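Scrolling down, you'll hit the structures one after another.
In the two complexes below, chain A is the common chain; its partner is chain B in one and chain C in the other.
Then we have the complex of A and B:
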């Protein structure tokens, strides 16, 4: 009797959270998958089942391939770079140096700022002629002015730099927290044994940071497909989709071209891609990660 | 100083001082630790034991003074250059490495040949009885086993000097006793020069050749355990060593009590303090000072009884079979040669006080 009552209580307690989760996460996700097999309803024309037609369109859509390639390059560059940079900053800041809290603060600042604000700052850096970068280039080196965001060759790289700058400070906090859990006596024990700083790093610090690296890299992967705010502010995906990423393209298809079925199809692709990467990462890295 | 032979691994501290801000954690310590001896740095928490040990290890830089190891001045040498091993209080094991890798860490760093490494690991594991644990991670070991791994790391390094900072403080009482015996045996077997830090006077008394009692960053007394116990040089030492510690009572307070038989109290100024160990006090039917039992504490083999003697208090260790009850009155006696007197103002034992000090502090 009491068992049964507890069971009811349990479900009653879960109920509100479950309703929210279902209504706002599970149902839309399933609907998205279903929608990708239907045509886009227009006016009085209802959506009708079209099978894999949307997926065929996708394979034949050059813009899709363009943004996918962009996104892969973007991920390939920003993930390792931001992780490496954040580790470097964390190691530096973790040392006992003067004014360390100030340095920490300034490294962390990009994370606190909204990406839109960050994008505006960088917009100024990149402005042709009187932007910071061009002023230095022209003033010190006498080079001609350059339209960083206007050129197909440089625009994606510019976006990558903004992302790395933004993410490194965030990841640094995780590395810093992990570094501070390593007892100082480990370093002292190693020093007495005659281990150099680099030996200590590669044999002790780095392996002990592996769980953090796994966590940070999963975040970095997800962010590389998710953070597109700066594309809106800085380039709008242009010129000629040179800086467009998958999620930005989904936004355009859904809310500019109002082709919701095709947007759903793109979304399914993005979700599958992310799940595969996350799974792969867990299985690949889990074996090499030491959990305390 | 005589010529140092090069194989000697004695440790000398000369006027060593370490300060943080205005605070002298180690204050002008001079100390000689003979080669192959077991020296214990003893003292209450915060008296500078760890700091002294870390100065010897090179983990802290001395503010002033010198550290000489084996005749060489190493005051500014790096920890690795000092050729010593150290066992940390929290063991400092690398959590991601197996027991074997932990023990061999230093040897790999120093590029010791593989055959040599394996040989040393095998021997150390046998000595410590951890051969079956070599593949485990530290988190899969008990406190005592972790302790052994930390010792193993010190053994395989084959360094002539070994420093230990409260290595037993995380173990339970039984294990602590076993490890005490083991560490002492190991030190003698390997002929190590051991510098061992503890706040536990039992550890110090049972293990040491030389006990260095520290107080507020200064050496209170450096002596053999026996000398420290029998002839404490000061009230601080007398009260720190022994459970229960030596009785320190006001001489004139004791003299208030009724005394029969031979005089138990030494010639001394009125305000001197008398020191007598609880086990040196005997119950007597005939002669002695009159005393009343104020409290008793039954310990099994014997009983600790607190007596009111005159206006002072004395604790005596009474054999277990003798019944003492609170409120009883009886007579106490002791061998007057075993009692010590201390100067109240300086806290020093009176027979070690130099004449000029007496003039500075007229009794």
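Then we have the complex of A and C:
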């Protein structure tokens, strides 16, 4: 009897969280998968079952492959760069230096600002001719003006720079918190043993930071598929989809082209991709990160 | 205890207030979505106009909701309509007409506006604006926030380059030859002033349609189910656009940002620019030099697309609401209101009668460039509009971008775009 009561209590306690999770995560995800097997309903035409037709379209859609490749390059460049930069900044502001809180604050400032707002600032930096970067290039080095966002070669790199600048400060906070939990006695012991700074970092600090690195890298991966606000403001995915990413393309297909079935199909791809990455990170890396 | 008593009295008086409003609530409620694509004055003017309408018509309550850009507005209106709660009326891009019909969310004005007076009103607009507002013999949109691209030029830069400051380029060849004289370089050979600027970010098809029209070709049929992207004349027009940067070197290479174009003009980065008449008031307020406004240059003929937003009435409303919406649209497009709107923004007043009002005459006498857009309407054609419009224009934009950035030749890019458009539009034929 009491066991049964406990069972009911357990479920009752779980209930609120479960309802929220179901309503906003699981049900939509399942609906998305179902929708991807139907055609898009439009006004007078009902949705009908089309089997794998949407997936065939997907494989034959050059834009899809383009945004997917863009997204992979984007992830490959922004994840390591922002992690490296954030670690560097955290190590620097963890030391005793003059104006430490000012430096910390300025590193963190990009995180606080809304991405749409900073995208507008960066838009000015990149403006050809009279934008900040070109003014410096032309004024000091006598170089010709350059259309940073208007050329297919540079536009994605420009987007990556904004993302790294935006993310590094956020990750720095996690590294900083982790660094402050490392007991000072370790450093003292290392100093007595005569270990150099770099040995100390590679043998002690870095391994102790591994759980944070795992956490940060998972976040960075998610963000590299999730942060697309600046693309709306800065390029709209152009020129010729050179700066379009998977999520941005999904938005376009769903809310500009109103092809909801195809958007659902693209979402399934994103879902599968992210689940695989997350599983990989948790199961394979989690075993190796904890310092024993 | 005291605070409890206070909150109780407040609740009671709030209830009394809402009862009071209920008593007079036989008024018609209208929800009205509007976008803003130019400076801040537009939103303010819309609110002034709706407020003064409500003062004159106490039985109508209009909730004017600023819905963001054109893109945001159509998204919000469609989402709301799909959720069964559409606005009663909205200003949406004229080119989204086919999309709205396809989604079955709007009604034709002819179905509601049936009196003789109404019919006369439907016929009172410039035909160039109606091309994008009618299909299958029915009127689905009423022109309101409409514009057309024009050429702005810097008279001082023209004088400096030894050109006649009062004369804008009349044709394609002149635009190149003027441009070549206007290009200025510094000691390192870097360009500090370009000849001309035709922005190509975002929605390049619109200004490009100026070039194709001048070259005597129409981009899509009026049924909205067939495009002519790979017509040799379209290819020629695109080649001209590409040549401006690569061969003649009078325009900056790569994709040129739409938003910073007026700024580039003010800063002297370019001596001529193509942009919407919707920017007229902005240029008038901010250009630090004497400027001129002219029709776009001609090739085989003069030509330009129209652009901007129309009023649409949504299906899922009561008959009373639909009638009230028509009355409101009729009022706001009446000469006096249309003139006020046009003067505040630079949008082209959509009826000849609006240009005959005293206010408008005084404005034009003081500021003649405002007339250029109206004169150009004679040569204007419908903006590119098809079924699945956003997707088709996206395909076309991508092709233009590919040619401008040099990844594909003009011919190749347009051929690919046509094939893609054919595939999508096949089911509408």
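Note that in this section the second predicted complex is superposed on the first by the 270 of 292 C-alpha atoms of A that agree within 3 Å, B and C clash if a C-alpha of one lies under 4 Å from a C-alpha of the other, contacts with A are read in each partner's own complex, and residues count from 1 in each chain.
In the analysis below, a contact is a pair of C-beta atoms (placed from the backbone, for glycine too) under 8 Å apart; a residue touches a chain by one contact, two chains touch by 3 or more.
Remember, it's a predicted structure, so these values are computed and weren't measured experimentally.
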Practice prompt. Quick one: on chain A, after the overlay, do chain B and chain C clash, or do they fit? Just give me the call.
Written response: fit
Discussion item. Output check: A:193 vs chain B and chain C. Expected answer is one of first, second, both, neither. What do you get?
Written reply: first
Item to complete: Have a look at where A:211 lands relative to chain B and chain C in the superposition and call it first, second, both or neither.
Response: neither
Worksheet item: Looking at chain A, which partner touches more of its residues: chain C or chain B?
Response: C
Worksheet item: Which angle, in steps of 10°, is spanned at chain A by chain B and chain C when each chain is reduced to its C-alpha centre?
Response: 140
Discussion item. Quick check on the superposed pair: does A:185 touch chain B, chain C, both, or neither? Answer first, second, both or neither.
Written reply: first
Worksheet item: Given the touch rule stated above, what does A:138 touch, chain B (first), chain C (second), both, or neither?
Response: second
Worksheet, complete the sentence: Superposed, chain B and chain C have a smallest C-alpha gap in Å of 53
Item to complete: Report, in rising order, the residues of chain A that make contact with chain B in one complex and with chain C in the other.
Response: none
Discussion item. Using the touch definition from the top, list the residues of chain C that touch chain A in their complex.
Written reply: 71, 75, 78-79, 99, 101-105, 186-191, 200-202, 252-257, 259-260, 263-264, 267, 269, 388, 390-391, 394, 397-399, 401-402, 404-405, 407
Worksheet, complete the sentence: As the complex stands, chain A meets chain C at residues 42-44, 63, 123, 127-130, 138, 142-145, 147, 149-152, 235-236, 238-242, 252, 255-259
Worksheet entry | chain A partner contacts - residues on chain B that touch it in the complex | 57-59, 78-80, 84-86, 88, 90, 92, 94-96, 105-106, 109-110, 139, 153, 157
Fill in: Contact footprint of chain B on chain A as seen in their complex
183, 185-186, 188-195, 199, 203-204, 207-208, 290, 292
